[in-house]
Amino acid sequence: MSIDLSVNIGALKLKNPVLLASGTVGYGNEIAQFTDLSKLGGIVTKSLSLKPRKGNPPQRIVETPSGMLNAIGLANVGVEVFIKEKIPFLKELNTTLICNIAASTIEEYVECVNILKGEETIKAFEINVSCPNVKEGGLEFGNDINAVGRITEKVRAATNKPIIIKLSPNVSRISDFAKTVKQNGGDAVSAINTLVGTSFDINTRRPKIKNVTGGLSGPAIKPIALAKVLEIKRNVDIPIIGIGGIMNWKDAVEFMIVGASAIQLGTVNFINPNAGVEILQGLEEYCRKNSIEKLSSLTGSYQI
Amino acid sequence: MYIEKAKVESIEKINEQTFLLKLFSPSIASSAKPGQFCNVKVSERTDPLLRRPFSICNVEGESIYFLFDIHGEGTKLLSHKKFEDEIEILGPLGKGFVYDGSYETAVIVAGGLGTAPFPFLINRLSKDKKVAAFVGARSKNLVLQHGLKNISVATDDGSVGFHGTVVDLLKKEISSIAKNKFRIFGCGPNPMMKALQKYAMENNFDCQISVEAAMACGFGICQGCPIEASDGESYLLVCKDGPVFDAKKVKI
Amino acid sequence: MSIDLSVNIGALKLKNPVLLASGTVGYGNEIAQFTDLSKLGGIVTKSLSLKPRKGNPPQRIVETPSGMLNAIGLANVGVEVFIKEKIPFLKELNTTLICNIAASTIEEYVECVNILKGEETIKAFEINVSCPNVKEGGLEFGNDINAVGRITEKVRAATNKPIIIKLSPNVSRISDFAKTVKQNGGDAVSAINTLVGTSFDINTRRPKIKNVTGGLSGPAIKPIALAKVLEIKRNVDIPIIGIGGIMNWKDAVEFMIVGASAIQLGTVNFINPNAGVEILQGLEEYCRKNSIEKLSSLTGSYQI
Amino acid sequence: MYIEKAKVESIEKINEQTFLLKLFSPSIASSAKPGQFCNVKVSERTDPLLRRPFSICNVEGESIYFLFDIHGEGTKLLSHKKFEDEIEILGPLGKGFVYDGSYETAVIVAGGLGTAPFPFLINRLSKDKKVAAFVGARSKNLVLQHGLKNISVATDDGSVGFHGTVVDLLKKEISSIAKNKFRIFGCGPNPMMKALQKYAMENNFDCQISVEAAMACGFGICQGCPIEASDGESYLLVCKDGPVFDAKKVKI
């Protein structure tokens, strides 16, 4: 039996649903030494900002039970260097490139998109709204439903390429945010970004992470991420990319069942850089065993 | 770089808290360079979640060695490994020591477990180079001399050797080797590396230091392990650009 | 050195900060077979409702990475039976009894408090606002800041005993809720209750928990709980009881450092029913080693 | 009830997937009753987080036995335990079998690992009671006869003994023991217990069944393990009110 692994995220066609998540794959070159990226559905770049960002001072990461906290501070090369130095390698990869963008004003998001949209290699934009909103008092855009609506609207106006809004989980009703994305012309949502967490050293009484708080990722958050994806699926008709704590193909299947059209792997890449390829094989095997001809038929197939 | 399932060939306690682990790991053994490290999976479960970085202590045929202490849960799990158990390791990672050149003596300065990368370095030094090894530890029972030669010892409590830090010992002894051209290779806790760096820079010594940082991936994709470049303008990554740096290049 | 372990939660005096959390200690009798409850700072009852509740059908719990989901459905004996059958045992325990109350209307909270407040054994009320609000469309009170304000106000009017509002973590800014509690006369807040999560069986495609979603607890949520406590501490001047994933004395110290005046143990009781006593010993030892004379001086002693 | 750190005295594989574990656990050994269980800590870390429930398979002096299969990660970790390892167990928990009374034959009906509690029960039955044991399994290599006597076997695939379920086998064979007064003791997967319950109720047989449920605490504080009482009005707790129930008392 030949299994159709392809999935559609709105207008974005992927050869399979396995993507590598922003910030956990750099710009592809390092991880390519361990895995064959061309087999995957695609990769999402580290969040790019208009100007290069140095990132936060160390310590940036700390392990927690079945998870980790990070506060990288969006260290990245900036859009210009990205185009000049990273795109050439990414072009050769034969995988779908999604460009993740971070900004602290709405105008900056639009400007980044305008600079990048001419690059043929970039097939879609993922908008990271979980960055401190400098202009509006340091609150996160991601927790402000109006801001998310406006960002979607403005970015939509700037490009015809598929737009995916990456949602923050640190809200009461994530489906309201997904609804806003849909209403403002977004093609899809990614759920979830990391949860706010912290960890302190009991001897020095200082935060283990210099930035005080960090984003929690890894298997610890999987149940939360699944609930968020399910909540969106049951309330809004928009394609969802499921993210959060996926370690193996079973987790990937679980995300698809609760509503994800595709999935992204984050933390697992650090532990097993070949996880994407292994998960893909697992998905294919699962389909074969269960006589599923189209992998995409799993999406939202929950029995409640 | 490889992801290798390596079988335990032996695990040996070499002092009251230090273990020497020998693994069959042909791909890594054949490509590793002194100063590089591996990122080791200590558990099959999700807690502890992350791999643990360990310097490659030595390479012998198709086998590699790690030298480690029980520090927290990860190293405790590692210490429980038994003959023929499989351990998944990722490596060789990072940039190792630059050890060719026209110097005559390799001056090794190791604090605590900082001894780990030096047996491998000593093995690979060209035969005409001399070695002078300075090792520091908190006290006598923690001194690690494994795989070193021509050793001078310093202990914090003076229970053996020089009473003081290994950097102070180095300062005292350097004159005896200062006639030769030498290069310093340092590895140990970051505060010690900082002291060594300061001393080397003040005296314009040729010095390479291996530094530690919390790590998630170990090969450059998480940006979790920054160290400030000496210009103060940018960060380097300990895992990818290091762990060995020219002492002039970084701010510890 | 004799160490003063006592703490104050507003007007509520506890001999030490170690409490057992609601829903993880029943009414004290079963766990008393494994541990000496009289040593602890106190215990919080399973959430009591006006009428007895049968609870949800099975399966009610499922394990997750370093955590568990539960959807018990507030199974409890109801306030009347509680007074008749449970209070006599609890009276003998020689530990502080805090009564946790759940309801689906504001009036019901007040009614429960009115029925219970005469019981001398009950030293404080903890109000669980994470229950669906039947009147206002099934949304949780806990995510509705106005509802939390009104509940606090009405319960405050009904009793002089200390009132602790147990906050939901499923919100963007928990400190806003703590502020409302303070403004409406609450004595303290407990943070956090469980996070919404789910888990699906990839073969049947059904939720593993009959109720579909459940509350995530255990070490997995500790970094999130710590961040919530810290957020409250930095923004609102109100005593905080820290809860979430505490497994050992080190975790307890960490919660106190970020701002907790006392702590509650939940999931750990299932794994080690003697954890409370062990944690207390650990706290005392920590104080001794660090020459801390008053354990309460740890509260909010973070160095940021 | 005790929290006991029990040392492994032996661990033995008794068929291709079943292990027999012997632990030194004097407090639990001296207080346990057949049909009770323990909640076993399988890991020092937080994943897997919860204890795992296992029936007390037998008691011998100050030792207790568990019989288990590798099912998921928890039982896998348990199967790796070695001689003298310490395992923390909590027990004895729950209500066991009621096995005194004037019946003459104890009819044991066990499916798969449901065999586990019966060696202990048989040991404690008064000497005048006869035993008739019916064991079912998927196929020949999974049949567990450990500690039973007077055994009739059923397999789903007919590879040994009766071809069919153990309850069907019981129906076929019951006439031969039906002259005596008997009491049925059942343990196995819940669907099998349901079939047994139905059969026993229809025929008004005296029957006790041991049921399974997901558990967190194992002793009544989490309310995680409900089973509906036969009146449909309330829930009982499998861990505290069970795991053994009179077949008339619960809805499976």
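The chains carry the letters A, B, C and D, assigned in the order they are written, with residues numbered from 1 in each.
Here, contacts are C-beta pairs under 8 Å (C-beta built on N, C-alpha and C of every residue); 3 or more make two chains touch, one makes a residue touch a chain.
All values derive from a computational prediction rather than experimental measurement.
Asker: Tell me which chains count as touching both subunit A and subunit D.
Answerer: Expected: B, C.
Asker: Suppose subunit A were not there; which sets of chains would still be joined by touching?
Answerer: Contact components excluding subunit A, positions unchanged: one piece.
Asker: Report the pair of chains linked by the most C-beta pairs in contact.
Answerer: A-C
Asker: If you average the Cα atoms of subunit A and of subunit B to get two centres, how far apart are those centres in Å?
Answerer: 36
Asker: What whole-number Å value describes the gap between the mean CA coordinates of subunit A and subunit C?
Answerer: 34
Asker: Distance between subunit B and subunit D based on Cα centroids, please, to the nearest Å.
Answerer: 53
Asker: Among all residues of subunit A, which ones touch two or more of the remaining chains?
Answerer: Residues 65-67, 218-220 of subunit A each touch two or more of the other chains.
Asker: Mark out which residues of subunit B touch at least two other chains, giving numbers and ranges.
Answerer: Touching at least two other chains: 46-48.
Asker: Drawing the touching chains as a network, do you get a line, a ring, a star, a complete graph or other?
Answerer: complete
Asker: Under the touch definition given earlier, write down the residues of subunit C that touch subunit D in their complex.
Answerer: Touch residues, subunit C against subunit D: 23-26, 30-31, 33-34, 46, 54-55, 57-63, 65-68, 70, 72, 75, 218-220, 247, 267, 269-274.
Asker: Quick check on the complex: what are the subunit D residues that touch subunit C?
Answerer: Within the complex, subunit D contacts subunit C at residues 1, 3, 41, 46-51, 90, 213-228, 233-235, 240.
Asker: If we count contacts the way the header does, which residues on subunit C are in touch with subunit A in the complex?
Answerer: 64-67, 69, 143, 170-173, 195-200, 202, 204-207, 212-214, 216, 218-224, 226-227, 230, 245, 250, 253-254, 257-258, 286, 301-304
Asker: Show which residues of subunit D lie in contact with subunit B when the two form their complex.
Answerer: Answer in residue numbers: 43-48, 73.
Asker: Can you tell me which positions in subunit D touch subunit A when the two form their complex?
Answerer: It comes out as residues 46-47.
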